[in-house]
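The same chain A turns up in both complexes below, where it pairs with chain B and then with chain C.
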Partner chain A sequence: MMAIFEYAPAPESRDVVDIKPAYGLFINGEFVDGSGPTFKTINPATEEKLAEIATATSDDVDRAVQAARKAFGVWSALPGAERAKYLFRIARIIQERARELAVLESLDNGKPIRESRDVDLPLVAAHFFYYAGWADKLEYAGFGSRPLGVAGQVIPWNFPLLMLAWKIAPALACGNTVVLKPAETTPLTALLFADICRQADLPPGVVNIVTGAGDTGAAVVAHPDVNKVAFTGSTEVGRIIARTVAGTDKKLTLELGGKAANIVFEDAALDQAVEGIVNGIFFNQGHVCCAGSRLLVQESIQDELLDALKRRLGTLRLGDPLDKNTDVGAINSADQLAKIRELSEIGESEGALRWSPACELPDKGFWFPPTIFTGVAQSHTIARDEIFGPVLSVLTFRTPAEAVEKANNTPYGLSAGIWTEKGSRILWMADKLRAGVVWANTFNKFDPASPFGGYKESGYGREGGLLGLEAYLDV
Partner chain B sequence: MVSTLTTSLADVAASGATLRAFLHGLPGVDRVGADQRAAMLGTRSIKTTAKAKAIDLAISMVDLTTLEGADTAGKVRAMCTKAVRPGGDAPKVAAVCVYPDLVAVAAETLRGSGVKVASVATAFPSGRSSLEVKVSDTALAVAAGADEIDMVIDRGAFLSGDYLKVFEEIVAVKAACGAAHLKVILETGELATYDNVRRASWLAMLAGADFIKTSTGKVSPAATPPVTLIMLEAVRDFRDATGRQVGVKPAGGIRTTKDAIKNLVLVNETAGDDWLTPDWFRLGASSLLNDLLMQRQKLATGRYAGPDYFTLD
Partner chain C sequence: MSRLSVRKTYKLYIGGAFPRSESGRSYPVTSPKGEFLANASHASRKDARDAVVAARKAFPGWSGATPYNRGQILYRVAEMLEGRRAQFAEEVGGGKRAALEAVDAAVDRLVWYAGWSDKIASVHGAANPVAGPYFNLSSPEPTGVVAIVAPADPLLGLVSVVAPVIVTGNTCVVVASEPSPLASITLAEVMATSDLPGGVVNVLTGKQAELAPWLAGHMDVNGLDLTGVADADLALRCEQAAADNLKRVLRPTQEDWTADPGIGRMTRFLETKTVWHPVGI
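Our next item is the complex of A and B:
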């Protein structure tokens, strides 16, 4: 009898990264103490404490903004080609230190090393390379070349380093300086990035990193000397920020929640559609604002698609994020886990049918198995609210028009996916779907040259691509 | 996955039109998606105990092959000897694969060893001959003692849309095989599209193939991971639809242990455990075995030995 082919654990070594016991704030090119109480950041896969992190009070934020203001004079006066040199240098250092950054990202965030290594880090470097290329060509982009000043940026915990790159690369390319606040559960890679800024000899004050929770973020957003606010995170917090910024002359871009429809037609390449569904909702444990959390499947293939999807879920490997063979890692925090559990229970209580593959969860850490809800209707809470976890709601449709109607029937509009072999239908659908990104026969594909952003409650403004420059220039 | 398979198999091949309708009704394959999936599975990290197991499993799945015009009885005898005892305590390979005129030599050398004799019949590698010639080529190999026949399909007929001709040829060759197993070589490098790979896989299985095989090894590209992936999906879906299990044999271009392990990962995560035996999965190769042996020894001793520590034939 042949034994089952089991993969021995293949953990990436964490020796490549040196985590200090405590971290300060990065202001004016120096690491300084924060005035607020420290807090700890933990490894969500083990609940092990990784480091003590400083809290920036409004005084600390003020110091950071003043540093950025002072540096703005120097940085914005540099010729674009000079700023490009710094950005290229940063991009190359990111590539050189990619392994260290990927391991740290997985430790602090809980995402599988396969994703931080093969998706996040290459994209992070690509964003810096891409905007480095624009720095001396702003005149040709069509938005003028006058920077805004100091950018206050608040980023989420799902792609800590990637969101940092999305925010910092275009800001610097356009001649702005930044004060960035990473999420309180995932500050470590931003602090390592601060070290990279020093390694690249970036002038002091051009990039400042302030750590802390919501209050710190609020202080960044509300600071009177901040000219531009960029936020990625929940719609709830986005609303508060919009209210804070309203009536000021600050420019604002918001990239908020989503409840994307992943629409599969009966003529789709089914095996690849199954992969796309898995990638759409289980990538990064579903902690993706553009996750394909609503599967709209044509009724005629519902059964065979679901059978194939369930079989595929049975092969997902959940566990140690540092194991190179892990597909699904840990939920980022206890709070988020509680939210996912609560919404899943609501799903059950409202009558949707819950299914997960047989799957052992580790004893320590925050874990949630890949989950599918079938028999979901538009009126169910799980079809309306963003869950931000590995939970897929399956709905059905009969005609393309119905698919469009259902896909658009959401307060959000960040992304959508279409799976069909029919090219004309893809174009017809893409034209009608109210979503910032529409993927055809693929999902969750990012490229620095493609703008990204939402409709409706998914926010406004675009990041990435040529349009991403607009948000950082005085147009 | 294929709900169209509700009529009996005979009905599917009742005419060229029904067969065509069935094959074109199979779900399409998206090239970008299939390539990505195969590439992702290629990043699985197989180390230590898993690697040791994988290497021995791969050795036991090798169809050790020599298909040269210059093949002689002596060369085949030497290869058969190695097939039974590849080196050290490594397991024996699954089969040796030779031209029909050398089957008798291989059968005699391998008698009682448990290693099967496979032979490429049917006007290998082009398949360009009459059905009579192909059937007698097959009968010759079987009469000489072949346990397995590797037949090539008529790619010209397939590409011109004459699926029924391909179907009938496979049926005829299968009949000529008697008790021997039939492996049908699709020569996927010449089929050009992944949709064609899926259709040809189903066509061969419907016609009675015991195995479907990627390539002759004479055409490039040969056994690429996405093509093997699509064929594994096909055998998986075919068993779901009909209850009958068919094996898969990638062949051509698999030279390193890494390649072999990637293939095992594809099997493991696509068709699953049931296919992870030499009965249902084979690796057609001529030079792979020595690399497997070398990596095997490296794993056991921690050191690489030079090429002279591994036998040539």
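Our next item is the complex of A and C:
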């Protein structure tokens, strides 16, 4: 069967992107050297070095914050309509350079080009368009129109450019200036974004990008002249940031981890549910904070659903992220791969049953096959801890009440999925689930017009939509 | 022969009941002139934990009640408070006229918040016009159990911090004004007789510095309102402890309780849930 349906390779050309051997920090509209030691960013699919990246020390961060502070006077004084035009320009340039950005994102992150091209980039442009439109309409949103000042933003490696857009677009629309630190394993698209800011003639200092690891991020968060801190990442780091910001006047929003339940009832459209489950946990290699990592399936259809799911997993294609046929790309880093392996081994040692489709892994790079654990109990580590990889834990339930109980049995509260044909049950479930985003008969849908964010230890604040403005205004 | 008055024993308000502190402690409350008024219960951290348990237990029922019902009950609290104006004016103290004005303001504030119960979702929710065939709606929901350190103002201040938290469906544990807790406990009596389910509001009297850190660090508390904390170091420690389970924190503020409160105190302790559904036939 494999032979009949084999696909010819369809590699995207990497010639569309010009990667420099080394990158500096982007401060006050210029690329400048960092004071810390450089580090390399690699292609996780091949372990090939892509570029040398500068490390910003606390002095460098200070320079960036000062540049942002100075630019704040100019930027916040601009009429909203003028700020809007800059954001529209940026959105347009992103569209113009979408292919280049998508290829670079896949090279640096390891995600399939199909996703960076068809999901990430359109959403990135859409975010800038959406918030561009708000810049001159803030008075209608109900939060006032006073910006906060300098926003310090720290973003993760799973959606490098999309997270940048989520942070920078609303901040700028509201009249703030930003110092953004991308993740150390995926800085390249943020640095290319700096070039986009220059092409758009954005005033210097409005956007500053400082690269580095945790220390650089900590310096951004702790800087006394930063008025607003926005972070997306792990709950563990979110806690540290909340402690750092305590006792200050800084406004804080946190988008943290999740352990979403994807709940499938016996009357669900099964094939659609299977697609939703696959999309829920194997999209972006499961490197998604709202990934549907706990499948709760009604006991009566467990076997049927699992058979269908395993069949579907057998058709997923893992490999070269730049191949347009690829469904599952590379794990972003060796560290992340080690974490996924460790948690999967714990899953086995605690008694859950592990299954993966026959799947050849490339020799080089960081790879992990799509994996399902059955026989998972709520007490198991893999049902409680976020794995942040392509690993699905399967649990069962008998009644809707039990499904709610199990779904909510987590300190997280970011997202959830419900699959059933019965409308009243969807609304009942959606009402009972303690999660910030509930997808009914769909999963992992995002849109700039739609607020996103969690309950409980998944953080606070919302990004996207009208409510996303609240985070960047002095309410 | 003059009649000796029957004094009231001021106790705690937990789960709809009025227990003494399990610690058996009390502390004297005096008027601004230094006259002895009563011995207030000196709540312990065990009382605080019991209050959190009561608030958690009350949460599903209260948050599941219709907004209309919650509004009716808050309005009922205002009615009952109005009926006891004279008593409250005495307990609030100060000049008689100022005291009556404070009580009236508290009644009016309750009525104002009561009216928000079925409007906040319209004002703070959103219909999201996403690109694609999806129905997508964001609605506010209560965050859960909120611990409140009430400001010194024992009636208007207390009403101003409690009403916005409960009108949106949260339940709460309140550390009452430390120097003047008596009106707060009397307000608890009003709430207990206003169809407010037991456990929705729990009132502790005692030492702020002793109770607040335990509530701030409690893993079953979802929100922390530090409005009444005057000690910056205590506020800092509470905010840091709140980070352990990422409580939503309202930092200490100096507020003019007679000013228009705005909706910030309600939205601070609201989550937003966005529900997506495909559109098709």
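One rule holds in what follows: the second predicted complex is superposed on the first by the 472 of 475 C-alpha atoms of A that agree within 3 Å, B and C clash if a C-alpha of one lies under 4 Å from a C-alpha of the other, contacts with A are read in each partner's own complex, and residues count from 1 in each chain.
As a convention for this text, a residue touches a chain if its C-beta (ideal position, glycine included) is under 8 Å from a C-beta of that chain, and two chains touch if they have at least 3 such contacts.
In this text the structure is predicted, and so the values were computed from the model without any measurement.
**Q** Does chain B (first) or chain C (second) touch A:475, or do both, or does neither?
**A** second
**Q** Looking at A:442, would you say it contacts chain B, chain C, both, or neither? Reply first, second, both or neither.
**A** A:442: touches chain B and chain C.
**Q** Figure out whether A:451 sits in contact with chain B (first) or chain C (second), or with both, or with neither.
**A** So A:451 only meets chain C here.
**Q** On the A-aligned overlay, A:411 touches which partner chain: chain B = first, chain C = second, or both, or neither?
**A** After superposition on chain A, A:411 lies in contact with chain C alone.
**Q** On the superposed three-chain arrangement, identify whether chain B or chain C touches more chain A residues.
**A** If we count touched residues of chain A for both partners, the winner is C.
**Q** Looking at A:338, would you say it contacts chain B, chain C, both, or neither? Reply first, second, both or neither.
**A** neither
**Q** Do any residues of chain A touch both chain B and chain C, and if so, which are they?
**A** 441-442
**Q** Could you please specify the touching residues of chain B with respect to chain A in the complex?
**A** 1-3, 27-30, 32-34, 36-37, 43-51, 53-54, 57, 230, 233, 264, 268-269, 273, 276-277
**Q** For a test of understanding, state which residues of chain A touch chain C in their complex under the given definition.
**A** Interface residues on chain A, with respect to chain C: 126, 142, 235, 238-240, 242-243, 246-247, 254, 256, 411, 413, 426, 430, 433, 435-442, 445, 447, 449-453, 455-457, 459-460, 462, 465-467, 470, 475.
**Q** Which of the residues in chain C end up touching chain A in this complex?
**A** Contacts found on chain C: 123-124, 126, 128-132, 134, 136, 138, 143, 222, 232, 235-236, 239-240, 242-246, 248-249, 264, 267, 271-278.
**Q** Within the complex, which stretch of chain A touches chain B?
**A** 2-8, 10, 114, 118, 267-272, 275-276, 301, 304, 307-308, 315, 324-325, 421, 441-442
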